[in-house]
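Per-chain numbering from 1; labels A, B, C, D, E and F assigned in written order.
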C-alpha cells in the first residue's frame, strides 16, 4: 500500500495564497486552511488582537497526499520559504478512502 | 502500553454534528472541532468569504483515543463519508495522562 | 539527524497563556495557537455559541521542536494539567529547515 | 421607468455593483463572515418587526389568510416546474436539478426588500402580512425538492451514519431566517407601533444603511462565485437563471389575479415567487442532498438570478401587478 | 402591576423568550460570537457614558460615596451567605459552592438596564452613580469566593505551572466589563452632556435596539445551557437560583433603608445585589478555580436567575424600594 | 488653543487613551477582530459617501485636479525623504527603512477624520475632494518603497514560488480601503445629497460613535504594540516617528501655498501628508517585503506617530494652514 503523508504548513496569512498555489501546481488533490489566533517565534509574540492590520496573522495549511506527490511539492515549498516565515512538518499517516488522494 | 491514535477528520461544517455523533456513539472520550477558513479539493476552491450561506465551510475534527476504541469508530466514519465530503487521517501518537482516554 | 516532535495541546482558552509561558520558559522556539469552535469530553459538549462568557472555549496549541527540548517541556506541561483540562499528544515528524528549531 | 432608473442608481444597487466589480477585478477585500451573518440577522429582525407592526394595525381577514395559503402553494409548486425545465433544457442530473429547483421555490429576502422600496417609490402601499408570506415560502420548496431527488432511487435507503431523527426537519423549519423572521413578526404584532417605539432608531432608521453594507458583501460573494463557478454553468443553465424568474412571476401573477390582490401586495407576491434563495436553502441542501454541487445552485441563484431580479426583474413584476389590476 | 406587564411584553424580554424557545426547540441558529462580544462592549460603553454624563451634573456628595461603599460591602458579603446556603441545602462541594457564590455576589449589567427602564416607567428617577456602583460590585465577590474555596485546603499550595504573578489580579480587576464601564463613566464625566452630543445617536438612540439583539443571543445561550445542563442541577440547586436573589434583595433593601436612598436608586441597588454575573465571573473562575464546573454555575446564573430577575424579580425589587420609602 | 483642548478632551481621543491605558496595564480585554474590520469598512464607506456627496455639489475644477495631483506627488515623494532620514539617523537596514518609509508616505484615514472635525470646530470649511486625495495618496508611497528596497540587490531576482503575476498590484491598488473609499466616493457622487438621504442615519449620524469604539480598539492595539515592541525601537527611531510628521507637514504646506489652497483644505492636505498608515501598508508589506519587521514599522506608525498626530500634530497643521493663508 502507498504511504500517505500529511503536510502541515504554518505561514503568514497574507502569503498563504502563494503556498496554496504551490500545492495546487504540485498536484496535491486538496488542502484545508485553518486560521490561527496567536503565536510565538523568534522571541516575538503575535496575536490577532494586537494588530489592526492583521498583517501578523498566521494560518495552518493541512494537505494530505501520497508520498510520490508530496516529496516534489516539499522542494517547491522550501523555495517559497526563502522569503516567508513558514514552519513545515511532514507526518506519516494512515488514510480512509486512499483512492481520493 | 496501549497505542493511542489521533483521528483527524475534515468535513463540511453543516454535517459535522453527524460526525460528532458517530464519535460519541463509538465511545470516543472526546473530540475538538476547529473551524477552517478556506480550502481546495476536486479542482474547486472554497473560502468563507465567497459564500454568504456558509454552506461550503469545512471544519477539522480532532479526536484522540486508544487503538481499541478508534478502529471500530473508523468503520462508522467510513459509512458517514458515503454521503459527505471527508478527509480522514489516522496518526499514531504518544499521549500525556493516558488514563483519560 | 535529530528527531523532531510536534506537541499538540488542547486546553481552555482562558488558561492558554499559562501553557504558552511554559513552552517559552522551556525553550521551545515557537508555537501557534488555533481557536476551536466546539468539543466534547467527559460527557459534556461545549460550543462557542452556548456560552456568552466564552469561558468554555478551548484552543489547540501546536509547537514543534527537537526531542532534546520537547521532553523536559512535557513534564512542565504535565504539572500545568494538574489544574486544567488538557489533552496532549506528541507526534514524531519530519521538518523542513531543521535549523530553525 | 423613472422608478426603474432610480432603483438602479440607488446606493443599495450601486454597492452591490461595487462589490461585484471588486470581486471580478480580483480584489482581496472581504467583509468578515461574522459581520455578514450579524447583518443578515439584523435585517430579518427589522423586516419581521416592521411586518408585525403593520399587521397589528388590521385584523386578520380571510383575504390575508388566502394570500398566506397562496404563498405556501406557490413554494410547493414552483420547484416542480423548475425541475421539469432543468431536466428538459440542461444536462443537470436528478439530484442537482432538484437542489437547484428548491432554491427557486424558496425566496430571497433582500429581493423582497428591494421590491418593497420600489413599490413604495411607485406610490403604492403594501401589507405587513407579505412578510409572513415570505417566511412561509422559505421551506415548502425544500420538501418538494427532496421528494423529486428521491424519486427513482436518487435518495438513500438507510439514513447516513450519525444522522439523527428530526435533524433535517429542525434545520429546515427552524433555520435562522425562519426563527428570526417569524419571531420578530410575532413580537412586532404583540408590541405594536407604540411598544416598538424605542427600537425604531435601530431597526427602522438604520435599515437602508445596513442594507448597503450587506449588499456590498453580497456583490463580493456573487462576483467571486461567478468568477470561480461560471465554467460549470452551461449556457442553458444560465438561461434558466434568467427566464425561470419570469415563469414564476407569471404563475404568481395568476394567483394574485385570482385573489384580487391590490397592486402593492401583488407586486410583492410576484417578486417573492420570482426570487431565489441563496442563504437558507444552500445550507439545508448540504445536509439533505450532500451530493448536489453548490457551485451550480449558488452561482445560479446569487450570481445570475439575484442581480437580474433587483435590476430588471422588479420593474417587470410591478408592471405585471399593474396589469392584473387593469392599470398596466 | 401594569409596569410588570409592560416589562414582560417589551420587545427586549420577548426577544429573550424567542431565543430561549428557539434553543429549547433545538434550532441551530446562532449569533456569531464576535457580534455578541461586540454588542457587550457597546452596551457597557453606552451605560458607562450615560452614568458619567449624569454624574457630571451633580457634585460628588457623601451620600453618593456611601452608596458606592455599600455596593462594595454587599459584593463582599453576599457570596458568604450564598456559600452557606449552598453548602447547607445542596450537595455542591466546597469549590463549586464557592464558584457559584461568586456569581451571586457579582452583578448582571443587563438586569441592571432592564431595572433602570422599569424604574423610569414607574415614574421614578435614578442617579448616574448607580453605574459606578455596578462597576464596583463586579469583583469583590470573586475575592470572597477565592477565600472560601481555599479554606481547608480547597486551594493549591504552589502556583500552577506557567501562571504569572498578578495574572489573576489583572483578569479580575481589568476585565473588559470593568475597563469599559469605568472608562466610559470617566469619559462621560469629563466630556459631559455637551461633549457627548455627537455620539448620542450611536450610544443613546440605538441602545434599546441593540439590547434586543443581545437578548436574543442571551436567550439562545440560556436555552442551550438549560437543555444541556439541567441534568446536573438538582431541585435544591435550581431552588437556590430562585430564592437567593430574594435573599440578596432583602439584605440590599436593609442597606438602602439605612442610607435613606430614594426609590429609584434603592430599586437599582437592590436589583444589582439580586442579580448574578454570567460573563465576567465565569471567565475569572476558569483561571482561578478551574476545578469548578461551568455547567453548574453558568446554567444557574444565566438559565435560572436571569430570567427570574427580568420577569418576576424586578417588579418585586421596585416594590421593596417603595416599601422602605414608606410608599409600599 | 481652545480647539486643541476640546480635541484632546473629545470622547474619541479619550477612548483612544482608555484603550492605550488598558493595554499598558496589561488588561486582557479585546475587541473582536471581525468587529474591528467591520468598523474599518463602515468608516471608509461613510467617509467616501460624504466626500462624494460634497463633490457632487460643485463641478470638477482645474484647482481640484491640481490638488489631486499634489497628493499623488507628495505620496511618491515623502518616502524618499523618510528613507534618507532613516538611513542617516537610525540603524535600520535598507529593507526595514524602505518599509517604514512607505508607511509615512501613505495616509491614516482616522487622523484625516480627526483633522476634519478639528477644522470644522475652528470654523473653516473643507472640500469633499480631499477624500479623493486621501484615496489617491494611499498607494504611490508603496511603489517608491519597493523601488528603494530593491536598489542594490535588496530585492529578489526571481519571483517567490507561488507568487502570481499581478498579485502584488492587486493587493496594492485594490485593497479594501481603496476599493471602499473610491467606490463609496463615486456612489456618493452619483446618488448625491438626495439619493443618500435614506442612508444618512447609518452613515452620518452614527459616525462619531462608531469612531469611539474603533479608537478604543486602536488604543488597545497601539498600547500592546508599544509594550511588546518598544525594545526594538531605538531612541533615534522613536524620534523619527515624532519629527517626520512635521517634516512632511512643512513640505505639504509648501505645496498648499503654491496651489493657493484655502485654510480648511490646506490643513487636511497637510494632515494627510503628515499621517502614517497602519492598516493598508503593513498588509501590503507582508507580501512585498516579507523580510521587513512589522514590530518596527507598526509600532512606530500606530504607537508613536498616530498619537502624536491626533493630539499635538493636528493643531500645528491647522496653524500651518493659517500661516500660509496669511492668518497665522
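The rule is short, and it goes like this: contacts are C-beta pairs under 8 Å (C-beta built on N, C-alpha and C of every residue); 3 or more make two chains touch, one makes a residue touch a chain.
Please read these numbers as outputs of a predicted model, since none were measured by experiment.
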Chains touching both chain C and chain F, listed by label: A, E
Label of the chain whose CA centroid is most distant from the centroid of chain C: D
Fraction-based call for chain E against chain D, same above half, different below: different
Identity of the chain that, by mean CA position, is farthest from chain A: E
Chain centre separation (chain A, chain E; CA means) in Å: 45
Chain A-chain C separation of Cα centroids, rounded to whole Å: 19
Separation of mean Cα positions, chain E and chain B [Å, integer]: 39
Where chain A touches two or more other chains at once, by residue number: 20, 34-35, 77, 91
Residue list for chain F, restricted to those that touch at least two other chains: 30-35, 37, 201, 205-206
Chains touching one another, given as label pairs in label order: A-B, A-C, A-F, B-C, B-D, C-E, D-E, D-F, E-F
Residues of chain F touching chain E in the complex: 6, 9-11, 14-15, 18, 21-22, 25-35, 201, 205-206, 208-210, 212-213, 216
Interface residues, chain A side, partner chain F - complex: 12, 14-15, 17-22, 25, 44-45, 47-56, 76-77, 79-80, 82-85
Contact set on chain C toward chain B in their complex: 8, 10, 34-42, 58, 60, 74, 77-78, 81, 86-91
Contacting residues of chain A [partner chain B, same complex]: 4, 6, 16, 20, 23-24, 29-35, 59, 62, 64, 91-97, 100
Parts of chain E lying in touch with chain F, wherever the complex brings them together: 32-35, 37-38, 41-42, 45, 49, 170-171, 174-176, 179-180, 183-184, 186-187, 190-191, 195-196, 198-203, 205-206
